[in-house]
Amino acid sequence: MAKELIRLSDCFVQFDDDIILDHINLYINDKEFLTLLGPSGCGKTTTLRLIGGFLKPTSGEVLFDGAKINDVPPHKRAVNTVFQKYALFPHLNVFENIAFGLRIPKTESDGKKQRKIKLSEEEIQRRVMEMLEVVNLKGFEKRSIASLSGGQQQRVSIARALVNQPKVLLLDEPLGALDLRLRKDMQNELKRIQQQMGITFIYVTHDQEEALAMSDTVVVMDGGKIQQIGTPEDIYNEPKNAFVADFIGESNIIDGIMRADGVVEIFNRKFQCLDKGFAKDEPVDVVIRPEDIDIVPESEGQLRGTVTNVTFKGVHYDIIVDFYGFKWLIQTTDFCPVGAVIGIKIDPDGIHVMKKSQYSGMFGDYSSYSEEYEEISDADYDPDAEEEQEEGDEE
Amino acid sequence: MKQRSSILDRLFMGLVFFFLYAPIFLLIIFSFNDSKSRTVWQGFTLDWYVELFQDSAIMSSIYTTLLVSVIATVVATVAGTFAAIGFYNMRRRWRNPLITINNIPMMSAEIVMGVSLCLFFVAAFGLFGTAAQWLNNTLGTNLPTRYYLGFPTLLIAHITFNTPYVVLAVMPKLQQMDKHLVEAAQDLGCTWRQAFWKVIIPEIKPGIVNGMLIAFTMSVDDFVISYFTAGSSTSTLAMTIYGMTKKRISPKINAVSTLLFVTVLILLVIVNVREAHQAKAKNAARS
Amino acid sequence: GCSGGGNSADARVVNVCGWGENIEPELIDQFEEETGIKVNYQTAESNEAMYALIKNGGANYDVIVPSDYMISQMIEEDMLAELNFDNIPNFSLVDDRFKNLSYDPENKYTVPYTWGTLGIIYNSDVVKEDVTSWDIMFDPAYAGQTAMINNPRDALGIALMKLGYSINTTDENEIREAYQLIADAKNNGVYQGFFMDEIYDKMEGGETSVCTYYAGDYLVMYENNPSLRWAVPENGSNWFVDAMCVLKDAEHKEEAEAWINFITSTEASLANMDFIWYSTPNKEALEQYPAYYEEQNGEPLDPALYEVMAAPQEILDKCESYLGLPEETRTLYNDLWNELGI
Amino acid sequence: MKNRLSLLAGPYVVWMALFVVAPIFLVVIYAFSSAGGGFTLDNFAKMSTYWVVFVRSFELALIATFICLLIGYPLAYIMAKEGPGFQRIAMVLIMLPMWMNFLLRTYAWMSILENTGLLNQFFQAVGIIDLGNLINGWLNNLCAGLNDLLGLSLNTARDTNMEYFKMINTSGAVVLGMVYNYLPFMVLPIYSVIMKLDHSLLEAARDLGASTGRVFRKVIFPLSLPGVLSGITMVFVPSVSTFAISRLLGGGNELLLGDLIERQFLGSAYNAQLGSAISLVMMLVVLICMYVMNRFGEGEEQAVML
Amino acid sequence: MAKELIRLSDCFVQFDDDIILDHINLYINDKEFLTLLGPSGCGKTTTLRLIGGFLKPTSGEVLFDGAKINDVPPHKRAVNTVFQKYALFPHLNVFENIAFGLRIPKTESDGKKQRKIKLSEEEIQRRVMEMLEVVNLKGFEKRSIASLSGGQQQRVSIARALVNQPKVLLLDEPLGALDLRLRKDMQNELKRIQQQMGITFIYVTHDQEEALAMSDTVVVMDGGKIQQIGTPEDIYNEPKNAFVADFIGESNIIDGIMRADGVVEIFNRKFQCLDKGFAKDEPVDVVIRPEDIDIVPESEGQLRGTVTNVTFKGVHYDIIVDFYGFKWLIQTTDFCPVGAVIGIKIDPDGIHVMKKSQYSGMFGDYSSYSEEYEEISDADYDPDAEEEQEEGDEE
């Protein structure tokens, strides 16, 4: 796993006047499952196209096994792609779609001679049938593409890429068109195939659950820039900035002040945390995951609030609690009625303190544009007023 | 198709367009030739243009051509659009044979079409004549008993060979159209008639415009079918030219072509400039 | 209903079908002015084409101007109307030579329009020899330079005359022999093509050097290309008359007769003759023409040209006119003509 | 609702019945009638005589169609690669020549191709004719030498005194006329199909290792087949049946089907029954050709134009 | 809420020979948020089309306010639709799309007279701008449809329907094309709009979380039949059959035998449960939610198994545990390494016993076609063999 296979070095892409990729640096190890995650239009597909060879960076280098491949055309790269909208050949049947790459004679330079290698018809037959089995489409080989469902087309598209035994498979939102259930099935399937065949996967998605569930490494992108690179656990548990925190999971992002190492002040209350190394009294973003908040009886809580909304989500309830005009999302398996006054407790490892960034203040609610969001950003938080009110309550 | 074309590609394209346009430029140049000769340049003159406007035969055939082309194009566009929508909404069982029949005028030679229409009109006129005779005799009416090929039959023929092209141009646009758009319109309170005008027609407009353009071109260009259906007293420009090609073509005809060509060119430039403007405006609005 | 274009009852019209370059256009305007009758003037390419057009029902001509042999065929097929000569007083001006000819022995249907001879036209720049026989039309020496006439009667007629047979023969063997003569020449590449009126341009431009066409037309070409020469072969040629007739089911018979009368008048005949160079059957006009020419053009008419136009009797005596052929011979002509193209 | 909209086709269906189906039906009746009106098969019996004309027409039309494809496909392909500015006018640029009546355009070719025409004038001026004579002379000498040496009988009578190249009134000129006049009908449908191709398919093919040539052969070309098929139809059909082109550029030396039919209806050999029979047979042969071709290309109802 | 607004009475729909809806009976109350939930092709859209008037039932009645409306055309129904793929008019801009319905003159029959009512331009302007605000698209009115992102198109589509103030809004998978984050935002938004405007929503989705989160009533469909109708909690907690149980959440569905009221036997072990009323020794399906299974030390467990797979899912881990050859899915926030031998405990209220149905044996795994699923259904469970093994273990 440790061997570096692909490197994007300071890659910069510009169309007309728009900067699409802004000095991307990224390396991908052999046999790694790496996911590019980010909102629509952030440059994920563009990054893939750089690696696939469909696009040359305006500046910067694309390296493969240490060699610069900026100018190597797509058909000479040991990389195959599963396209965002499948891009299956409508004039070929399932078998011929998968066999497409195999039927192309490969030039192999052994020693000084260049030889054209053509696979025998039996070999092609064998490998296609094998792939059909891998993607669970045995018996579909004669079917026309138009007669397949979305999920089946998806699998043909994957088989068509895999059958060439590429070193790297690029997958551009391969599951985007599938329904939830099929998507989950295919996630397991892809993961299994990747491990079984030992191929490097570079996977694009805007679905954070998918990214977390499948990847060895997640690259979070926004606005053409890499926001964070790390393991799923890293990314989820230690988001680098408010954008990552918010994009990766539903988060409560609150303004805080670092009073000392391990002590952050929110709403004038001091909370224990594990973060260190901030300047004293530095204003910070505090990220608290909805599931890290425990609901306790009013009297035992570190903070006290009112339940304003409860939504049943199957596994858990989404509860929105109002603290002094700020709405927090709490996820719990216990039911609380609307209007109940509750206390909350947050363990030190549930509090993530991060430096203020360009994203500060942009997120922090489960809804990025709902009226409630408006409400929150409008509410002018006045600590003194809060304090008065709290004191009043304590009386 | 975003790959840029190479110089070789451009060269090839240039050559083909030269091939397409060279004879036309020749016609244009010789419309200013101070002699009847088609091959020897003998100085510049505008005489042919002057003579053109004095030649009543040519002027009237231009008039006939434009008239029949415009009417046939309008009728064919309307009929073809309606027909395409009708076909599109039919069961496959009906649609397929009808589309096959629609393709007959394109699949069968012009001359067969001209001939068959000619035979048909003459036969129909025979029937009309007999019927009129009978009516005249029994009811004392004074209906004409002889009918001849002429402008109406010419028009019918043009409509008949134009409409299939419109159908063919409109059908793909219908197929591309989101089927739910009509339902959406109805859902928002449109009767199906309103949905038709407010949604279907605007959606397939590019196809209609294309079909119209082709229909008009075909009408202007047609000679064979007109030749068989116009009869002896109506003459399109093509027929007049054919009459002349059998003797010598007067440079007056070159003058006609030149005027036509320049008109189309100007129209083209205007439309193109306008579209480019619109595209620019759109882009500006987007960013 | 689908009535023909523009012939509603009130407007007086006459539909005329003539030949290409075979009328002085001003005469049309003049007639329209004088009578208020609108003239629709169309042209046909050949007798056969005109016949087909009418047969097809695709034409609504009133006046047509077929040639002799075609007239007899049309009379035989009852396609022509008997004329009311009361409406055509100018018929009296027609030279008696052109009355009661074989195609219309009682002169009930026709008024002659023009007459002339068939002859060889050649370009003296290319053809240095003196042309005196039909042989040149089959001479490989002028391969690729020669054009054959594009209608069966004239083409086979030329071959028959070259072979010394009658142009009115009904002997199948003779006709087939004539056909073979043309076919062989064609296969040997003698002909660059088969043309009717296209030949004007080709002869005038030097594209073609030898062809057979009509006397009046030669003069038109000569006007544009003085290198052209005319020859009526010594062993004879065809002498033709084109005559105006009215179709049986013509809608405008009276207007048609007015037109025929007008055209036959001496003034019209003179003007027409000066324009199309075909000689007129109007005796007075024919005699007056040289003077008229001099008056119009300010120079005397070359008598040689006048002879081409109005061939003197001794030439006409050597010539034969086309007679109507029996049905089976016509069929043979058509079949052979089709075959020639194959 | 669906059925109601289908009624919109009603008027046109009636129209087609009257002016497409009925006339064709009449042709069929004529084809089986004698001049007198009775039923006969004679008209078809004569067909064997005209076999040569059929073969010649189909041959020339095939050649013309093939050349159109050879020129039209790359042209459409290159045009489709051009920028959007060009694409806006591409269609009109192709159609514009059609606004000059096709007889006129053909006539212009006459002026170009004639023995004394512009091309020969040009050749003369540049000395190409002399060069041709020179080469012919060499060839004659060479052949004569070879004949002497090896006892062959090669042609030694090439014209060394040409004053012009013979271009007009040949089958070549007729084919040129067909190509010139019908090329737009080949370009338009192919162009519109290529324009609609899904670009990601081309990327997919390249991604799977296909070189540019292979992408074209395995993806672009098969996917543009519907356009090619309608292009072929739209060039082949009028080519088979043209009569004006063969007359103007071919000199009427070798009849084509169109000439033959025209002759029977409006020409010098009036015989409407025979004309109908020839039309009918021609139409059937064309339809069979097109049907076979469409089967072969699986084009089904894919007739495309724009 | 109690007033019935729409009723489908014994509706049967057949295309050619396929039965699409099989005698559907369903009523919808005024101001209710009702969701049709089911896999692709189960007839959800068809049901909506019946209500929208785009389709007449082959037999059966559609009632609105008690009146039969089978033959009322769509434009005369007080119902508007948000279409599955938006169906926005591409030739109109955002404003005109929304104004489309308003610009259509309504005939209103007051008394005996029919009057055409046309809204004034100002009125249209006002109402469209209002709607644009509701869906947060102020400033977009001049934009062309093609220039909008999927989420924005979605919102235009909703605005276009809502602006007509319909009594009922039909929404056909309105969020299907959106990314996860936007989907969640829009869910809240839609719910808010529904409550704010007091409109009956009939909502179609195949996303069970969405259905649970948003609805008052959920209708689970499969194969043209209604499988269960109920509140989200009912459906989730008391699924009527194995299909519902599996479709509504990831479930472990196991064969069991009812030994007595409140006692079910699984893998020869007796478990306490709350279900009663089954015959003694009746074979039943037992559904256990992955989140209802607690992992305990091996020795304390009711059953003992080996961890074969662990996936990080953000909020929780998906752990697959092998019990005697059967794989169960367990969702827990605690990490267990692969290979660990663990015990499990299930509370009585986590065990759902249900009658065997046509669906028995069809589900019961997180993957419906993966190899692992194959494995499971292939494994021939032999209780005696198990017993032996267990006994062996106990020795």
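Order as written gives the chain letters A, B, C, D and E; numbering starts at 1 within each chain.
Basically, contacts are C-beta pairs under 8 Å (C-beta built on N, C-alpha and C of every residue); 3 or more make two chains touch, one makes a residue touch a chain.
Here the structure is a predicted model, which means the values were calculated and not measured.
Identification of common neighbours of chain A and chain B yields D, E.
Legend note: the chain whose CA centroid lies nearest the centroid of all displayed protein CA atoms is B. Counting C-beta pairs in contact, the chain pair with the largest number is B-D. Each chain gets a centre from the mean of its Cα atoms; the one farthest from the centre of chain A is C.
Matching CA atoms, the turn from chain A to chain E amounts to 180°, rounded to the nearest 5.
Per-chain Cα centroids separate chain A from chain C by 92 Å. Chain centres here are Cα averages; for chain D and chain E they lie 61 Å apart.
Computed centre separation for the pair chain B/chain C is 37 angstrom, with centres defined by C-alpha atoms.
A separation of 25 Å divides the Cα centre of chain A from that of chain E.
Annotation for chain D: residues touching 2 or more other chains are 1, 114, 116, 265-266, 272. In chain B, the residues that touch at least two other chains are 38-39, 118, 186, 228, 245, 249.
Residue positions of chain A in touch with at least two other chains are not found. Under the contact rule stated at the top, the pairs of chains that touch are A-D, A-E, B-C, B-D, B-E, C-D. Per the touch definition, chain A reaches chain D in the complex via residues 52-54, 73-76, 79-81, 83-85, 87-91, 100-101, 104, 106, 160-161, 164. Interface of chain B with chain D (complex): residues 1-5, 9-10, 12-13, 16-17, 19-24, 26-27, 30, 38-39, 79-80, 82-90, 94, 96, 98-99, 101-113, 115-120, 123, 156-157, 159-160, 163, 165, 167-169, 172, 182, 186, 192, 196, 207, 210-211, 213-214, 217-218, 220-221, 223-224, 227-228, 237-238, 241-242, 245, 249, 253-254, 257, 260-261, 264-265, 268, 272, 275-276, 279.
Those residues of chain C whose C-beta lies close enough to touch chain B in the complex are 1-7, 15, 17, 20-21, 40-43, 45, 53, 56-61, 196-198, 200-201, 204-205, 224, 249, 251. Against chain D, the residues of chain C that register as touching in their complex are 46, 48-49, 51-53, 55-56, 58, 144, 150-152, 186, 191-195, 205-207, 334-335, 337-339, 341-342.
By the touch criterion given at the top, residues 1-13, 15-16, 19-24, 26-27, 30, 71, 74-75, 78-82, 84-85, 88-89, 91-105, 107-112, 114, 116-118, 121, 180, 183-184, 194-195, 197, 199, 233-234, 237-238, 240-241, 243-244, 248, 257-258, 261-262, 265-266, 272, 275-276, 279, 282-283, 286-287, 290, 301, 303-306 of chain D touch chain B in their complex.
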